[in-house]
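In the two assemblies presented below, chain A is common to both, partnered first by chain B and then by chain C.
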Partner chain A sequence: MSAISASEKVDGFTRKSVRKAQKQRKSQGSSQYRTQSAPVELSPLPQLKDAPSTEQQELFTQKLQQCCMLFDFFDSVMDLKSKEIKRATLNELVDYVSTNRGVLVESTYPEITNMICTNIFRTLPPSENPDFDPEEDEPTLEASWPHIQLVYEFLLRFLENPDFQPSIAKRYIDQKFVLQLLELFDSEDPRERDFLKTILHRIYGKFLGLRAFIRKQINNIFLKFIYETDHFNGVAELLEILGSIINGFALPLKAEHKQFLMKVLIPLHTAKGLALFHAQLAYCVVQFLEKDPTLTEPVIRGLLKFWPKTCSQKEVMYLGEIEEILDVIEPTQFIKIQEPLFKQISRCVANPHFQVAERALYFWNNEYILSLIEENIDRVLPIMFGSLYRISKEHWNPTIVALVYNVLKTLMEMNCTLFDELTSSYKADRQREKKKEQERDELWKKLDELRLSDSALVQNNSHGLQNNNNNNNNNSNSSNNDDTEDKSADSAAALPTDDKEPDVLVNIFV
Partner chain B sequence: MAGADGDDSLYPIAVLIDELRNEDVQLRLNSIKKLSTIALALGVERTRTELLPFLTDTIYDEDEVLLALAEQLGNFTMLVGGPEYVHCLLPPLESLATVEETVVRDKAVESLRKISQEHSPGDLEVHFEPLVKRLASGDWFTSRTSACGLFSVCYPRVSSTVKAEIRQHFRTLCSDDTPMVRRAAASKLGEFAKVLELDYVKSDIISLFTALASDEQDSVRLLAVEACVSIATLLPQEDLETLVMPTLRQAAEDKSWRVRYMVADKFSELQKAVGPEITKNDLVPAFQNLLKDCEAEVRAAAANKVKEFCENLPEDNREQIIMTHILPCVKELVSDTNQHVKSALASVIMGLSTILGKDNTIEHLLPLFLAQLKDECPEVRLNIISNLDCVNEVIGIRQLSQSLLPAIVELAEDAKWRVRLAIIEYMPLLAGQLGVEFFDEKLNTLCMAWLIDHVYAIREAATCNLMKLVEKFGAEWAKNTIVPKVLGMANDPNYLHRMTTLFCINALSEACGQDITTKQMLPVVLKMSNDQVANVRFNVAKSLQKIGPVLDSNALQTEVKPVLEKLATDTDMDVKYFAQEAISVLVLA
Partner chain C sequence: MDAYKLMKELRVNYEQEVFYLPKETGLVLIESSTRDESRISAKCRDVQVEDLWSLTSFFGYSTQTFVLAVNLLDRFLALMRIQPKHLSCVSLSCLHMAAKVTEEECDVTSSDELIRIGQARFTASDLCRMEKIVSEKLDFKSKPITALTFLQLYHQIALSHSMDRKETLSLEKLEAQLKACLCRISFSKAKPSVLALSLLRLQIIAVQSEDMLEIASHIQRHLKIADGELRLWSERVAQCLSDYASPECSKPNHRKLQWIVSRRTAQNLHASRSVPELPTIPEGGWGESESEDSCEDVMSSGEESLSSSLGSDAEGPYFPLHYRQQRDRGHLLA
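Showing the complex of A and B:
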């Protein structure tokens, strides 16, 4: 106890590196073994290649059955001999199905799938680290990987064998099989997810009857991830498969696929761990737009709806995705969304976080985007001007200010007259905005007073309102002064206080 | 005035529409949050005919705005003209109940449930129930999910034909092909069962329960466990064995640890729901298995329930069941490999002593307590110490005190300040149970050492601890044991320690009373007013303000006042400020 240094005593939290080192020691998990009773010792069978061809089939089946035995990998010294026998046998099986022709006869299919199911399908163990952060922490690795890896390898070779017949296999590789396979994508072990990705891709390719089902289940996984749990380790892998699936969609796109885009892929952008799969997600979205450009408007509106409010890191990702979309956008589509889009971009360039501002300003380095802006400069410039002008004077970061000057210059060259007009009306515009804001405040103040006097209102309507008007006249001396000032600046006649209210009302109606 | 009135009643809708279309979400949000103000200004009729249709049409917005809208509408009954017109609120809420974002949808359902109570039975059938049906047969899963939460609120108040339809819809949703809907249905199964007639519980609910409990997704199965509690409560004892138990047994041995975890987590409720006989025959072995489960999560959840489970066992053979079936498992858990399991156990294990009585506690439990007091994980030790009172009642704390002391000392010096903080909080409790002699002999030094801890939170807690100790042991004890040591720190070279003296005086003066405060503490405080560190000086002013009420007026006038007046002219502005504050609070000016 006395060995504790003063600094450690002050800061009770152990440093992260220490915590990590401790975690790594035991960062292996598996609940696979635990479902079975104690394993029996395995005895080695003769090599397949040494067996006479008439007996090979029988021996193959025996080996498959032998590999159904599961071992406890938590205890690294337990059953060492049997573990080694199983490993060697699995290796031999992998080799056997990948190099030999004519070994996949119909009767072996149930044995093969049984061996695979027994080994890989399991309830994934609870995470060792309840606050597992995939971006920061080391994943828990699958303890039984020495065996499971070979089983995955075997499954892959089985699917890729030229003799493989989906028509027979579909009796075993069915919806239930796929469902269990999909659940494994939640594994924390990236090696496992990588195998699963390739395997699911092959299954999708070979089993036409399962395609719709696979898509639907992925849908469900994503929806659960977005709206229920916020946790699933295999989102990136599933999106990667989807990327290639979307690529192959026939035109015109089915309603089902469009729904998937709008109701699943776009909401996926809201996930906390977006950084882990954003590249794959953006790829899927762009694939959709390349297939069907008319989807551009709803997609961009969707992204604008979910635009991050506080997370700058995410905002940078969104901007990246918008640029990818603009790269493939059709000019007719651009016109449809330019207004809401550039309002957001103008907010981004004014962002105090310089990485966000910088990412948005980089749009002006993109030739194609520049050409789109130039074609629509009359619409884009008025939206962008305010932010750019202000930032050029106010932003704390010199790099941003320099970039803004370049952008302003580019825009000025596109339409000099409009630029000059905007420059000269800038001040008046700001003042008008300020005034509008003040009017809004006034109105809400009035509404609040309405509420304050609501008991009076219920009793006696006109009396209540009268009170309310009086209140308003009494308590707004200072704001009246401001108001007057603004009005004169706007070259409108300053109105006497008594007539102020109707005037404000008219303004708001307009 | 009449003209102005007309305008006043006109503008809110215009403002609202304007604000609702504002680009700034915050402004849209503001206007929605004040929706009731606007409705009030509009009056009930225009709220119904203009505002609500407008709101129904503008449902596409940011989720944050929608959430606020969904919440507002739940409290809108009076604003649309009372229960007679409450059904006007259904269209916008129906749309909100179909949006993707879960929080919005849940809020819309919550509001719908609320206003369902305000519908007359007739309106419920004409307006509300059709809405539930539309949601239940919606295309997208969100509306079907929302429907699940609405069945139980309308079922009790509709005719029997409509009831039959509702049951049918619920059945359909329980076998929906999206797991999201099945989860929603499973989570409402218990609630729905409660409003059904017993015959239908037996005929309908049981089959749904059985199906959901063997769903292919474990996230559905585990929700069925929750429903199991309500269903078992509803059924007569003789039906439980055939209708519920097969499913419950299966859940306790489910291949997914999440389901087993849920069983462990709900164990006490399940135990109460199925009654003593089934508990004896089925739940005891099931509980043993959960305590020995291969996943630590499950063991920890079960360990948490050990005390409650034992407490609720039928009294006639409770002791025998615990001794032969439960205690052996508990003994194993004491040396579990997972610290969460051990600490879950440590938080309840002491409770067993009251159930088992003195002799069993000494013979069987005491060794376990002692082992846990030596556990490597501080949380385990803390949990034991925090529950000492249960043991004290049964066997007296003396049995433990020899092992307790090293454990306390070790925690008191733990490297993590949160652990130190936790043990300080138990000090008054420990002191009360161990008695003043033991305390003086063994623990007093620790309490004093905390006063000079490196971490402020510990020093602060230590001060507060002293106050509680004085409340327990009395002023006389304080005068001899604590006060001299505290006052001694006033001459410490470290100004933080000198300030601790002042903080202690603040805390102790009231408990110690006028005599000690005036004679022992006040001179020290006054002397510290000459300290060279400004922080000490303004804390002197604060302390004087604090102890002023305990002093008599003579001391205040002759001793405190001059010092405060001097401090009020200090060169440091904070010292001045607090001195002046003290003068005015103590009315010395």
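Showing the complex of A and C:
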């Protein structure tokens, strides 16, 4: 607590790093814990490789059942011996399934899946750190990883075994299994998610009957993420799987897939944590466009619709994605979106955030994009010209100014005549604007002057009649010296104190 | 200014212009030299002048600055043999000198900025030294008489003679065309008065004004410019302008521009685009029983339709064997 100084206590925005330093964080989480109070010991079984072939089946089953015993890893000293036995057994099982043929008989399937389900399907612990920042923070790791890792490994080898029969396995690896597997993608442990990704990928490949279900569930997860919770740790992994699925889409694309692109993938760009999965998301989008170029227009319009307005980091990401899309775009599609796109780009190059401006200007270093611009220079140049010319004079960042020179020079060399025309019309516009400003300034000055001379007029008017009488009295008084004493006293009292120019008044009213 | 005074000024300039012409032999030498390391060629010079044009445009300098800079450059190159590696220094110093005498002080860009934007390899002190050398060699004291001088005079004369044609003869357009011509070294051999008159005549012909053509002839007679000379240069100018005005774009690749970005952006750009590690899963063709009918409903109805997608696939006993074998081919991963 002494780490926070008095000034920081008053300041409402204590640095995140300081706050974290105080929190006593557990770097490990787990929901696995032993419910029984009595310690359970595992008795070591003989090695599989030593057992005669007739007994191997039975031994295999026994070992599987043994591994259904769960251990509490929060307490690092409890049940060390049993934990070690389980670990060694799991290791042995992994080897057994990887190296031997003919071990996967029908009767083993339920045992295997049971062991797997018992070990990995669990409720994930609540997040220790809701403000998790992937660049700064350490992720919360699964405490029972020494065992769970081997279980995942086992599952993977099981799926990849040449004798694996989806027709048998489908009774056990069913929709419920897949649903629970998907829930685990929310794990904070990246190693776990990595395994899950590969496993789900294999399952999708082998179980055709589950494909539609998997796609639908992933849809649900994403939609919930976008519109409800804004929290899910496994978006990047799921997108990676989707990338390989999209890559394999048959042509023509089914309507379901196009819907997915427009209703899920594009809105996914609006998530706050886009940085965590943007690379995978962009890959998916580009894959779609490579499959079906006619989707280019709706995709780009979608991105433009969701263009970030307050987050510059995101803007830089979007620009990167646009460049990736432009790299594969067909010229006929480019023509359809060039105007709205370059309007946005011209706003980006003028952006005061230097990274955004730089990223946008760097498009002109891309040969293919240059060739597209060249073919359509008469539409693109008028859109870009104004911003470029303006920021060449006004931008604060010298690197940007140098880049703008490059861009202007490139554009000029593409079509000098058009460039010159735009330059002169831009200058003419600026002249007109300046003239208008000057006229406006002069008008204000005139109004100011009028006001000053009028105000004197207005004040005098309100006491007009009174003054008039008094002045008349004065005039008449001065001529009648006898009566001066009395009347002057009266008139003196009646004279207004702020009467500065009685002469003016006399001229008007008399 | 009345017409008489204008014509008089024209005469004076015409007599003076010869002092500001680059040495013809020098120019011819440049034109004829092949591209090698020791001599500059016409192409080098032309490229430099195009760069000067870009810089003029970028910094908002006037046409006068540009024309003056090119004049200084050509005169210097015609006099002195310089190595190609010094060419950019010479051209930038000419531009800087021209800017200093033509533009307002507040509008003149500093040498450092000029060097930075022009992506040059030399320092500000190099630039300063070169400026001294150029001004010494050319005895640069006053503003030289250039084609622009004549162009402006001709324009004024033409306007003063026909008041109703103010809009059609655009000085700006003439200036732009002059800039285009100056990008080719061959036009530096022309006398500025002749070059300007050629440009004027071409535009007059384009707007099809008979009385302006009369004025142009009047000027020609006044200055005693030979018909042959005028015709020769008019042809060349016409050719150059038709290239300039053609809708075809030239590929901007004769010089590599440096694209310097900040460290952060550079990191961003080099961040590896994720190479997919997972192998592609091909979608099923005919007969892939993913319960296609439920698929179509999935997105639109949003309702659970689990029952229809349960347990149907080609591996079951419901499908004939040969279909199963056909489908097994592509779909199962090794």
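Please note the rule applied: the second predicted complex is superposed on the first by the 393 of 510 C-alpha atoms of A that agree within 3 Å, B and C clash if a C-alpha of one lies under 4 Å from a C-alpha of the other, contacts with A are read in each partner's own complex, and residues count from 1 in each chain.
The working rule: a residue touches a chain if its C-beta (ideal position, glycine included) is under 8 Å from a C-beta of that chain, and two chains touch if they have at least 3 such contacts.
The shown structure was predicted, so the numbers you read here are calculated from the model rather than taken from an experiment.
Chemist: In the overlaid three-chain picture, which partner chain does A:Lys272 touch, first (chain B) or second (chain C), both, or neither?
Modeler: Neither partner.
Chemist: Return first, second, both or neither, reflecting whether A:Arg430 touches chain B, chain C, both chains, or no partner chain.
Modeler: Neither partner.
Chemist: Contact-wise, after the overlay, does A:Lys49 reach chain B, chain C, both or neither (first, second, both, neither)?
Modeler: A:Lys49: touches no partner chain.
Chemist: If we overlay the two complexes on their shared chain A, which of chain B and chain C does A:Gly320 touch? Say first, second, both or neither.
Modeler: Second partner only, chain C.
Chemist: May I ask you to decide whether A:Gln355 touches chain B, chain C, both, or neither, giving the answer as first, second, both or neither?
Modeler: Second partner only, chain C.
Chemist: Given the superposition on chain A, which partner contacts more residues in chain A: chain B or chain C?
Modeler: C
Chemist: On the A-aligned overlay, A:Lys263 touches which partner chain: chain B = first, chain C = second, or both, or neither?
Modeler: Both chain B and chain C are touched by A:Lys263.
Chemist: Both chain B and chain C contact which residues of chain A?
Modeler: Common interface on chain A, chain B vs chain C: 263.
Chemist: Under the stated contact criterion, what part of chain B meets chain A in this complex?
Modeler: 1-2, 4-5, 7-8, 10-12, 14-15, 18-19, 23, 27, 30, 34, 36-38, 40-41, 62, 100-102, 140-141, 178-180, 183, 216, 218-219, 255-258, 294-297, 410, 413-419, 454-455
Chemist: Which of the residues in chain A come into contact with chain B in the complex?
Modeler: Checking each residue of chain A against chain B gives 1, 4, 6, 8-10, 12-13, 31, 34-35, 123, 125-126, 176, 179, 220, 223-224, 227-228, 263, 267, 305, 343, 440, 443-444, 447-448, 450-451, 454, 457, 461-462, 465-466, 468-469, 501-502, 505, 508-509.
Chemist: For a test of understanding, state which residues of chain C touch chain A in their complex under the given definition.
Modeler: 50-51, 53-54, 57-58, 60, 116-117, 119, 172, 176, 180, 244-245, 247, 249-252, 257-262, 264-265, 268-269, 271, 273-274, 276-285, 288-291, 294-296, 298-300, 306, 309-316, 331-333
Chemist: Per the contact definition, I'd like the list of chain A residues that touch chain C in the complex.
Modeler: Residues of chain A touching chain C: 166-167, 170, 175, 197-198, 201-202, 204-209, 211-213, 215-216, 219, 240-241, 243-245, 247-250, 254-256, 259-260, 263, 279-280, 283, 316, 320, 324, 354-355, 358-359, 362, 365, 374, 377, 392-393, 398-399, 401-403, 405-406, 408-410, 412-417, 419-420, 423-424.
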